[in-house]
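Alright, structures below, take your time with them.
Two complexes are shown next, each including chain A; its partner changes from chain B in the first to chain C in the second.
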Partner chain A sequence: MSAEPNPVLNLPAIEVLTSKLRRRQVVGSRPAALETLILLRQVVAKARFSNIEQLVEIIRTVGRRLVQAQPKEHSVGNTVRKVLHHIREEYNTATKGTSAAPSTTSFSISKFISQGQPKRQNTGSGPNHHPQAMMKATSTWVNHVPAPPQDGRRASVQINRKEDVQQEEEDDDDSTDGEGSSAGPSTTTGQDPDAFAKGLKPVLMEAIQDVLDELETVYDTVSKNAKDHVHSDEIILTLGMSRTVEAFLKAAAHHRNFTVIVAETGPSYSGHAMAASLSASSISTILVPDSSIYALMSRVNKVFLGAHAILANGGAFATTGTLLAATAARTHSTPVVICAGQFKLTPKWNLYHEYGGLDFGDPGDVLGFEEGLLTDGVDVVNPHYDYLAPELIDAFITNDGDHPPSSIYRLIKETYDDEDNDL
Partner chain B sequence: MPVATNPTPDVADNEGHDPAGGQRDQPPLKSQKQMTKAERRELQEKQRAAKAQGKAHNAGGGGQAASSSRAAASSSSGTGPSSGAGRPRPAGPAAGPSYSAASRPSAAAASAAEDADNKHRGPRIFSHFGLTRQVAVNPKQGIMIHPAIQRLALQFSEFKITGANARCIATLTALKSVIEDYATPPHSTLSRHLMAHLSPQITHLVAARPMSVTMGNAIRQLKLEISNSDIDLPEQDAKDALCQTIDNYLRDRIFVADEVICALAGKKISDGDVILTYARSSIVEKVLLHAHSEGKNFSVIIVDSRPMLEGKSLLRTLTSLTSKTPNPIQCTYLLLPALPSVITEVTTAFLGAHSLHSNGAVYSRAGTALVAMLAKGHNVPVVVCCETYKFAEGVQLDGFTRNELAPQPLPSSSQFPLSKPRSSLVLQSTPKLALLNPLYDLTPPRNITAVVTEVGLVPPSSISSIPLAMGRQTV
Partner chain C sequence: MAPRSSASTTKEKLIGGEDEVLQAIILADSFNKRFKPLTTRKPRCLLPICNAPLLEWTFESLALAGVKEIFVVCRSHSGQVKAAIAESKWSKPGSGIKITTILTAKETYSPGDAMRDVYTRGLVTSDFVLVAGDLVSNVRIDEVVRVHKERRKTNKDAIMTMVVKESGVNHRTRSKGDSAVFVLDAETSECLHYEPVDGHPKKSTVQIPREILAEHPELEIRNDLIDCCIDVCSAEVPSLFQDNFDYLDLRRDFVHGVLTSDLLMKNIHCYVLKEGYAARVKDTKSYDAISKDILSRWTFPLVPDDNHPSGHVYEHLRGNKYIAKGDTVTLSRTCKIGNNTLIGSSTQVYDNAIITGSVIGRHCVIGNGTVIRGSYVFDGTVIGPNCVIEQSIIGAGVSIKEKSTVMKGCLLGDGVMVGPGAKIEAFERLSVKPGMEVQMDVEEDSEDEDEDKGDDDSEEEVEEDGLTEDDTELDSDIEEVEKIQDTLKAKLVLGRDSNALVWPRGPILDDDEEDAEGPDNFTNQRLVRLADNCSDLADSDSDNDSDASTDSNSDSDEIPIEAGGASLLLSQPQTEFKREVKLSLDRAFEEGHSVDNAAVELKTLRMASNVPLVHVRTGVVAAIVDRIPIVEGNPGEQRQAIGKMIGRWGELINRIGGIDGVETVTVLQAQCASSKRVALFGPILVALYQQDIVDEDDIRGWHELPVSQGVGALLSEAEELKRCWTVGSRMIEQFDEQESSEEDDDEDSE
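On to the complex of A and B.
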């Protein structure tokens, strides 16, 4: 590994979260994202670095370890990417006043289109960077090999700073504990190697806090326009337990009277919890088995679903059963809406695999051990996720507004930096 | 509290079955033991008022006394002269069989009644689904129900016998014993009176669980035979002829038909195939076992879902019957939501049917439509195995208009795996929460590749021509 002897990387909290993820003790997009974020905050607080590249590399190393621990929990990687994006952004704004050459992040079509962020109009980033980033953006998620670099500079070269910074980085690569005081970062004070970190840390912590705040309020922000999506006396189908959909429907219930049909979706039967929760907020709820989705679909006005991850092509991973419901909705021309927080945006694709995410659960949930005689010689399949093609989805309702599947790529481009697609 | 549910007339009408007039105005009673004494009395007052002619044996003591008196009076069943020749209510203490089972499901019935209450508060578009009915084993007072029918009604209502074929076979067998025990009362002819004698028996069955299309078809055929039977025939000969007719019907329309379907559908299975099937259909099970006995090597994916989880039973049959053979069927078992993960591996989907409509739509166990939809979407041929006696008249457009609800809680096998605490899964209905378990859904013809019947493989568009081509007169 490219693990420099950085004391931060030996932080016990990293190992704790890694094993938690691996053991599926942290399950679900949002808990995983929250845990990751809290860990990253800790890492940044403890990290010692003398320039931004070192910090980025530290975070990437941590992120890589987390992602490898549980590659199917996409929100972990997404959170790391988002933090990296914010750190660069904060760094850029912080150094803009002082630095002669304001650095830029990478080239992005969406920035040309939107032209919304004048501070990043300088697109003269390293020319060697473009093809690589574009290639990575389009590679399938299956190719998600652990990030290549022994040479940490290839990834961090986009911070297009002066030569002396890169020189200095080489010097400091192996020793960040403060003795390499040959040449301070030119942009900041210059003498004390920790001064750079000291100066930047408050800003970075603020940036991470922003991400955390966004994550903590994500349900509220997703559901703030709920009443615009639901009309009175509507019959809504949802499936399993999705916290986002739950919050969304409850928010809509403040303004509208409607009925929710909850499909229980085996083998987790999480729809039971959903139905109990919705009916407790006095929403008229009907709990049905998965088998009756088709029969009832002809009376359903809208299908609201949760997602596990939103992919770059506008598709989504979601709990099993979602594909059946969405396909049935499509045959009945019923709109399918996915409610999800932005932290589920994942810059990866799934083009080839029917086994959504290739992740399997305990077969005992399907055929319990009380059927011991049956289980002998029988294959029992219990996948966790379905892959929902973008054609089956009509809209995504996120905390960043409502989007059709076709513009998800743009959101992803705006949310993350291209060079982080492969951590 | 809602006095007894009343689904009987609707269903009976739909099936074209015509119970004797006057008997439908009174729904079958709920188990009387669950009522309070006051309620029982009130109910009886109402009945008496309705009947205008009071029944002496009912006057005192409420329902319990009545039922016990009936139990005591149980004797040679079905032969009394008082068996109500066309009269809605026979007078006098009827010679009914023992009612010891009548009050068994009282607790369950009470919860069903609560369900019924709550259902009304749900959205109104679901109200036509009717109420989940628990056992309605208590027949109208005074009408004798043959013990075979009594037993069958209990088995139906507790879902001990399920499946269109099994229910039809059981019904015809029970009706056969009713006919064998039947004696024409004086001054009446068999062809006229037997019909009236059978009607309450059938009504009792329907009260336990709505009649299946197969039962309706078979009973209609039986009634046709009864009315056609020769008036001059000695009674025993006429009864023998009717029993023979029933046996022939079972043989021709079900058993032989199944063999032909097995042979025809078996040709669509070849070595190395991956067969997909949903839940458990008796005919699909036969097809798979038949193909296996021919030495074909294929694997089976069994898809299953609540509320019935019948696939486990198919899995049990397939694994236990073939595990000792040199080429055991490799079975894969999964729940319906996981189906998209395996659908690409499937060669052919074999599905069973509850009934078949003339537009080619297949009315079958809930979930079948989802399987057919997904299979069709992945260009997997969807083959429905179905005997011609399952053909229902008329067109059905969706699985919503007509359906049947599974009772809550379902009195059948384990519904959930034990790896989870069941209490966390079994919800109770509350004013805001309704539990809806439709038993059937409708697969539109566009999702069906072919229907295998005993007259050959037909595309769903040609279904409507089959009954006429077979010379069926009752269309």
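On to the complex of A and C.
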């Protein structure tokens, strides 16, 4: 980033969110992701930048501060990465949309999924691939181009775009983001420095809004295909209170009759809430103590679990107790399925089993503070999460389709840009 | 507060909305010296716990609770406190908290004085949170505030809510020296009775007033609560302190006073925490306990790896080990780091060193083969090879040379140098000799810049003022210590080049200080000392019970003192009250107040000190008797003098709040018997009788009491009492005669 500190970085909202994250006043993947998105939208709206690189740097700085405030809430970093990815994508679409063939450089998720490694494809792929995604990208731009009444500004944006395009024609596509934008400021110098930002902002807001929409509908989209995964008269085991699993099972209950066994999931006993909620929507529900998970496993057809984060190696962090359930399921060869939104995809590994990653909480839940002398002699730990190795998981159901653990790395590569893995 | 539902209230608070700002007052002075000599050059609230100053933990605790405006009331070392606040992240614009430092006068000796200062400055306008500057808490205080406000809507007399935490009697964080029994109404959790419990001598009974049992169907009498010293107070609390100028301590005086007062009619409630953690670093023992609680994550999310108040970043490893992140820590391959240990950034630990259950500051060096167990080492300390340090607190910039041993419970002040080969006995306290400080400062400058900056940056006049005054106070301390150096040093091996000054064990020093600070603070000081004796690191390490047997050395000279202190403590309010009564009467006599005025003054005094009526009567009678001039060899004149005195002031005896002639006579007898005015008993009694202050029945009633004859009194006094009694008998004989003669008269007339 340039030398002068950007005023947007002093936005009080950033400080408010970092301290909330630090103080654990925002907990849970989805609330954290939502708050992050709302903050980023504010930042982008207020940011002053004259090229895309500056904007990316601003967002990265904000993201870095948020992640440092609470490294254990992975969805914060993920959201930042996703927004960055979308911004670059929109920028690329926008810069090429008018001058070059719109389809050549547009990067959309759906396209990545259908075509694999995006960065390798240089040649223009057919516009017929995903016309809908294309339409959207172009239409947003088309909508906005006539919008600004000031001709000068529009012109500058146009110039930018042309510059970029020329640059990109010379360069390989891999370096699009860095190189292309570096050309931006040289052309804008001497003109209104805000012109670039003004032209691009509506598109970016649109991009962030897309991410927000996706996040808001994540439970519905995850449970879209629920009936394909749950069959009639199956017995399903779940742990803890996962909103995703809850929505998923409820969606499945519209089409199927099945039984859910909910483990209490100490020490939080969030299973109680889960059981109450499921049985309220007339699913036959059984609440069992954690100790009987193994004994019941032989009768269970499937294990559905929520996740706190899905890691790049296909492993996952999930509520304490899930390791027990997953291991028991493995012994009985019962399938273990994890339901989670895409915002939980985290480009990180846990190869060395980082101890702190499990996020240890207040031991008070395990052993009461009033136990007095006992607390002096005993070391009590209360991890929030278990780490599930990829071998223990059979499938991930996300809002982006179903995936085996082995293909998670690819999903992550497609969802985020590589350079953002370390914010 | 307009919004009704709690959810919307908290939300608005978080957003920083328009509704009423929650204020907090931090009493940043400890008003005691439990941490000496660590606190000679630094206020207690800036002592680090888990490598962050206590004050920062307090700020974080308050921020967690949504407090928006904080007043920090500080007295000693105020310059340092100010500088520390200015430097911290809290004074940055984005923190969302407004912090104002309030300097109180040097004459502020107690929390009560500080509260009076708060009142005179008019700092608070609505309900506020009152905490000490050494609080570590993750409690949602806003929830307590909400409950408090809710209660205030229906009951205007609920002036305060105390936050207490359930802990069990023997919890390490529950101070044994300084706890209390709470009597709560089971339904409303109103605090009905508060009785402080001192650790030494052990208190085994608590007296609960009978009315409480009569008025409340269900009571909880609890001895398992930690007093978190978080009080949600109404705006009138400071004014109560103003009205009752003798309130010193928040608990022992204020809470006790309000609850027992029959005039104030105010209620205090308790909020028993179900979840959350809160405790005060009151003394070295709670320092140890709270450090352990932080390391074992009871204070979550206020833990080193998550929300460290100073913003350090630590990595949490298996077994609650916390190592500073960022590769600045050098750990030798062969050193052993045990459980529950925290190691600050840029610290070096060499081969075969063993560190368990300890906190090591930043920029420290731990030499080869050194063993550190259960100790707290502040920033920039260098510990040479092959040392052993057990359960001690080592200040900043200390240098301990090779092969030294520091036994448990020691406090080493900032910049002390000992060794090589020093042997420091258990519970020793060391600080730097005045002359040697310069050297230490240089050393500290290089290693511990942050702290020193605080000193150097102080530019304002007030601060300099404060510092010099601190220095003079300190110098007097040190002079005292220096006087007795030779005797103290004989026991210890400090090693050559040591710059250490050995502080005496026990309370010799404190006694002198008490004199210096005046009798106003007497109670407070004594309580502090009691607690100190029990909660010096001595006790933290071994149980209270085993302590007496294992540690004959330190205990042998402490126990008798404590016992003496306790008896003094009990009688202390009484003597003080007597003194007050005497002063008040002296004034009345000299300035010729009306009896009414004098009576009102005495009544107020009684209410304030909460003593039974008999003490007032004793005081008044004694004053009157003492005022009667003795006229030798002239009974007539003597009688006249007595008559004049009783005529002017006798009425006062019955105006002090109750008429009890029998008691008056008893008191008079005791007073005469114990002074040189035995002979005056008869005449005074007659005069009282003539003024209708006592009547015949009273005299007869008194006469029949066994006590009046000197039964159960000391030998020397019994005789005098007996003499008075005989005078009385003679008078009664007279009455009998009179009666019979009256009867005769009647008969005659008929």
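In this section, the second predicted complex is superposed on the first by the 319 of 423 C-alpha atoms of A that agree within 3 Å, B and C clash if a C-alpha of one lies under 4 Å from a C-alpha of the other, contacts with A are read in each partner's own complex, and residues count from 1 in each chain.
Assume a residue touches a chain if its C-beta (ideal position, glycine included) is under 8 Å from a C-beta of that chain, and two chains touch if they have at least 3 such contacts.
These figures come from a predicted structure and were not determined experimentally.
Once the two complexes are overlaid on the shared chain, A:Pro12 sits against chain C while remaining clear of chain B.
Of the two partner chains, chain C is the only one touched by A:Arg24; chain B is not. Of the two partner chains placed around the shared chain by superposition, chain B is the only one that A:Ile283 touches, whereas chain C remains out of contact.
Using the contact criterion defined above for the overlaid structures, shared-chain residue A:Ala275 touches chain B, although it does not reach chain C.
Judged by the touch definition given at the top, the superposed model places A:Asp376 against both chain B and chain C.
Annotation for chain A, partner touching more residues between chain B and chain C: B. In the superposition on chain A, contact of A:Gly341 is made with neither chain B nor chain C. Look at A:Gly364: by the touch rule set out above, it reaches both chain B and chain C. In the superposition on chain A, no contact is made by A:Gly63 with either chain B or chain C.
Overlaid on A, the two complexes show chain B and chain C touching the same residues of chain A, namely 355-356, 362, 364, 369-371, 373, 376, 379-382. Those residues of chain A whose C-beta lies close enough to touch chain C in the complex are 10, 12, 14-16, 19-20, 22-25, 68, 70, 72, 355-356, 360-364, 369-373, 375-376, 379-382. Residues of chain C touching chain A in their complex: 14, 16, 63-64, 93-96, 165-172, 174, 224, 275, 277, 292, 296-301, 305-307, 313, 315-320, 339-340. Taken in their complex, chain A has these residues touching chain B: 235, 259, 261, 264-267, 269, 272, 275-276, 279-280, 282-296, 298-299, 319-321, 323-324, 327-328, 331, 354-356, 362, 364-371, 373-374, 376-383, 386.
Of all the residues in chain B, the ones that touch chain A in their complex are 122-123, 125-126, 305-307, 312, 315-316, 319, 323, 328, 330-344, 365-367, 369-370, 373-374, 377, 398-400, 403, 414, 416-420, 424-425, 427, 430, 432-438, 440-442.
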